[in-house]
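After this come two complexes, each holding chain A, first together with chain B and then together with chain C.
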Partner chain A sequence: MEGIITIISQVVFWGLYAGCIYILLATGLNLIFGVMKIVNFAHGEFLMLGTYITFSFFVLSGFNPYVLLCASLPILVVVGIITERLCFRPILGTGKLNEIFVSLGIIYVFQNVVAMLWTDEWKTIQSPYKDITISWGSVQVPLDYFIIIGITICILIGLYLFLHRTSLGRAIRATSQNRKGAMLMGINVEQMDMLTFGIGAGLAGAAGTLWAVSGQVFNPYMGSIPAIKGFAIIIIGGLGSIAGAIVGGLIIGLAENFTSFTLGGAWKDAVSFIILIIVLIVKPTGLFGGKDE
Partner chain B sequence: MKNLNENILAVFVVFTMIGVIFFSGCTSPVKNSIPSGVNSLPNSSNETIRIGAVYNLEGSEATFDIPSMQGAKLAVKEINEQGGIHGKPLELIVKDGKSNTSAVIAGVTELAESGRVPIIIGLSNPDQALPAAKAAASAKIYFVTSGATSPRLPDQVPEYLYLACMGDNTQAAVGAEYAAGPLHAENIYILYESDKQYPTLLAGYFKTRFLDLNRTVQKIDTFHSTDTNFSSQVANLSTLSPSPDIIFLSAETWADAKPVIQEIRNAGFTMPVMGGDGYDSPALLTGGANGVDNVFYTTHTWFNPLSTNEKQHNFMARYMEEYNSSAVPFAGLGYDTVMVVAEAIRNSDSPLAFPDGMANITFYTGVTGNLSYSGNNHIPVKSVTLMMIQNGTLVHIGDFEPVKVPTP
Partner chain C sequence: MLQVRSLNVSYSALQVLWDINIDIQKGEIVTLVGSNGAGKTTLVSSILGFTKASSGNILFKGKEIQGEPPYDIVREGLSLVPEKRELFSRMTVLENLTLGAYFRKDESSTDEIFHLFPALKEAKDRNAGLLSGGQQQMLAIARCLMSKPEMIILDEPSLGLSPKFVHNVLEAVKSLNDEGLTILLVEQNVRRALEISDRGYVLENGQIVKSGSAEMFLEDDAIKEAYLGI
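Let's turn to the complex of A and B:
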């Protein structure tokens, strides 16, 4: 019995860690969708860029890779702002099909640029704490996972404080709730779009850093599947709901690891979409979605 | 007068068209009446003996098939330099499968319908070799695969399919016996690429032989060729107590295996990782051997640059001269396949008697080792080479024959 509890605890920890990366990715995606109502399939490429920025700074500087969050997050904010200005603003409101094709085009551009600069070989970096595990009863958990969970919580608290305690954050929320109303209140909604897109990309960049630090491999084409899962998570959680993205990310992270443990790793992608289908049948607006979503 | 000329011209044109239609109608049955496949070439005097080849010269399979094709072409060149087969020159007609099964079947069909080839060789992937051999068999053409190692293939296409390489059950048995023997492995974690036939079969044979040796398989896990992260597999590995002594990682190609090994190593697991001949590719050590040390794999041969084996030495030298690159095992397989087919044709009175010719190959010394097709066996008896990646270099552990081979 103790053995089973140990294994379940171990799987729960791995699920929480995987969920953290999904949460950051899906929260950014949801923020962008909430404010701009655009469908950005290239969101996974921001995660991919985050892994490569972390990798490059790590190779060049030899700094602790966790410190490199200070580089990947702001760089991706800038990349996000540029992407919004150049690619999405011109087509905003012209139809979902345009948004989808622009985002598909961005995927190819980012992938090819990264492959050109870094080659398409799988890359990896190692955390300085990779050999340290923390014993919790009979459960052995790598220190990195505690750090990743802690960093995710800090980022989410920071995001919450920004959105609720600053005027810019309140302006973003107002734009998300009622775009025309926000314009009537004198809020520069285009500026809010730009800022939101930057924050969303920055969160994906942070997820990329945590992805790389945790020892996972990455190549220029690794962003697509996380992006699709990100969409599944925000639909499960409820479109536009940050709380939904957090809960959805945790559900997917835990479900993937339990499925992988019981049925094999090849099933881990399928389970996300099985949950998505179930949620859409039972509650089509998602777990935290309102009636109008 | 002008009208008369025009009428004559019109009548001429009509008759010409009728003539064209008539003769084309006549030629069509004549063309169709040429028997296809093996019946079209027997003992044809004066002409060249032609062998068809289907190899993937682009895409994911090209890593195996380009060297195989080059080796096959080199063999044809050498045979012709030595006077051909029964005094007739040999020609290899190559079709590109483009790593796409439809294109592979189209290539085989085109070769079969040409009525010019009695035998087709090629391919390294059983998922492609099976439909290719079936298409060839339907035209009564023999198919000799140079690198598809599934031992089930000959039963799936009875009579018409031969392997010129070892079977997966043989290489898995050698791996399992080495793991249980010199590596002293008691417990093992098996991870295989479940959306491909070759790694699935290989993992199954390995498991059968390892259990047969009274060892323990702690967990069998899967991944897909399209996966981009392997954290849940690493999570499963970390739940095992005690930690496995060895990981058997069965992947279609080295490109599929390498990121999994890197992620396992990044998680702090240092035990040996073992795989099959899918690991063996020219890209094995490119991009650095970062995080891939302590890896064992079974393969077809080892082309040691310092080899004293004259046949291997000559092959390596000629291959380098011809293609300006070092020979890899799959190049040797392509070479040996053509040599075996040529030997079978020599052994028989005509290409029609190809099975008899193959059955008469009781001992052939190839560049990838000695092989024989005794009796009615369509899979050669052949030794298996075991290699290791250590400190970023390849180490030849040895050549082995298994004590017991799982049934296909």
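Let's turn to the complex of A and C:
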């Protein structure tokens, strides 16, 4: 009995930790969708860039990789802003097909530039705390999991405070709820698009650092699977809903790790989509969606 | 204050407004009359920059605003209470009002507004989407006033309201004008609107077919027949 509880707790921690990465990705996707009504199919590439920025600074500086969040997040904010301005602004409102092709273009550009600079071999870095574990009852949990979960919570709280307590954050929410109404408030909605895209990319960049720090491998093409799961999560949670992204991310994180533990690793990626299909059958607008979008 | 000169507006191939000329002086309240589909909403959304004009000029305080984005026009002091209100329905009344003063650095206070619309004060922590139709209209007007505009355009402010609320809204509009706000009013309750107005324009099939003083409109047989139901 003791043994089972230990294993279950371990799987839960794994799930929470994996969920953190998904939550950061899905929250960014949802912010962008809310404000611009576009799905950024190239979102996984921002995650990938985040891992490589962390990798490069780590190799060059030897800093604690967690500190490198202070590099990956702001750099990706800037990359996001530039990407929005150059690639998405010109096609906004011209149809879904354009968004898809622009996204595909961005995906290939980022993948190939990264492959050119760093080659396309798998890379990995190690956390300085990799051998430290903390006892949680009878379970030994790696310290890194606690740090990653803690950082994600801090980022989400920071984001919440920004969106709800600052004038700029309120303007972003206003643009997301009613673009025309926002313009009537004198809000420059194109600037809000750029800023939101930047924030979304920044969150993906932070997820990239957490991905790398946790010792997972990465290469220039690693972004697509996590991104696809991010899309599944925003559909499960409800398009545009940040609460939905958080709950959806946790569900997927936990479900994946329970299935790979019980049914084997081959089912890990499939379970996200099984959950997605079930949610779509039961509540087509997603768990938190369809209020008045 | 506002001049519209030879304005033509089309939705793709369909021309909706033809050679519109309008002149509104500072401090005036003017009613725009027209049947359903005449193009009233199209006209006000072109003035605010939401719908692009194919030709013509729009001058506000003597400055060309045609072609500017709506958020810049609003910042210059011309605002709109749109037909569909466009509230932030998942934000509280207070947040909606705060956003109204978004671009004012002096943090316009809500005290004045609550004095003008006491019902909003009681509901200030409720989500805008949960308010009654009348309260939503009050909020839309109040939010618009938070930016301290010099001129506002109201697109059918009494649409869907009970007669009591219609009276309240038009009273509020009148008192705003008394305080010096320039107002262009689009209204289905033509008689009530004309009673508080200085002048009127009639828009038919996308063209201004008549203009004159409100008294003259109230006496005009053709207008009586078409819009006053007499």
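Simple rule for what comes next: the second predicted complex is superposed on the first by the 290 of 293 C-alpha atoms of A that agree within 3 Å, B and C clash if a C-alpha of one lies under 4 Å from a C-alpha of the other, contacts with A are read in each partner's own complex, and residues count from 1 in each chain.
The rule we apply is simple: contacts are C-beta pairs under 8 Å (C-beta built on N, C-alpha and C of every residue); 3 or more make two chains touch, one makes a residue touch a chain.
Just so it is clear, the structure is predicted and the values come from calculations on it, not from any experiment.
S.K.: Looking at A:T166 after the superposition, I want to know if it touches chain B, chain C, both of them or none. Which is it: first, second, both, neither?
M.R.: neither
S.K.: Using the superposition described at the top, determine whether chain B or chain C touches more residues of chain A.
M.R.: The larger set of chain A residues in touch belongs to B.
S.K.: After the superposition on A, what does A:L184 contact: first (chain B), second (chain C), both or neither?
M.R.: After superposing on A, A:L184 lies in contact with chain C but is clear of chain B.
S.K.: In the superposed arrangement, does A:S61 touch chain B (first), chain C (second), both or neither?
M.R.: Once the two structures are laid over each other on A, A:S61 reaches no partner at all.
S.K.: So in the superposed three-chain picture, is A:N112 touching just chain B, just chain C, both, or none of them (first/second/both/neither)?
M.R.: neither
S.K.: So in the superposed three-chain picture, is A:W14 touching just chain B, just chain C, both, or none of them (first/second/both/neither)?
M.R.: After superposing on A, A:W14 lies in contact with chain B but is clear of chain C.
S.K.: For A:A174, using the defined touch cut-off, is the partner it touches chain B, chain C, both, or neither? Pick first, second, both or neither.
M.R.: second
S.K.: Would you mind listing the overlap between the chain B footprint and the chain C footprint on chain A?
M.R.: Correct list for chain A: none, the interfaces share no residue.
S.K.: Looking at the complex, which residues from chain A come into contact with chain C?
M.R.: 167, 170-171, 173-174, 177-178, 180-190, 291-292
S.K.: Could you pull out which chain B residues touch chain A in their complex?
M.R.: 191, 194-195, 220-224, 226-236, 238-239, 241, 258-259, 262-263, 266-268, 287, 290-291
S.K.: Touching chain B in the complex: which residues of chain A?
M.R.: By the definition above, chain A touches chain B via 3, 6-7, 10-11, 14, 17-18, 119, 121-122, 124, 126, 130-131, 140, 142, 211, 214-219, 221-222, 224-226, 256-257, 260-261, 264-269.
S.K.: For the complex, give me every residue of chain C touching chain A.
M.R.: 48, 50, 69-71, 74-75, 79-80, 82, 86-91, 95, 98-100, 102-103, 129, 143-144, 147
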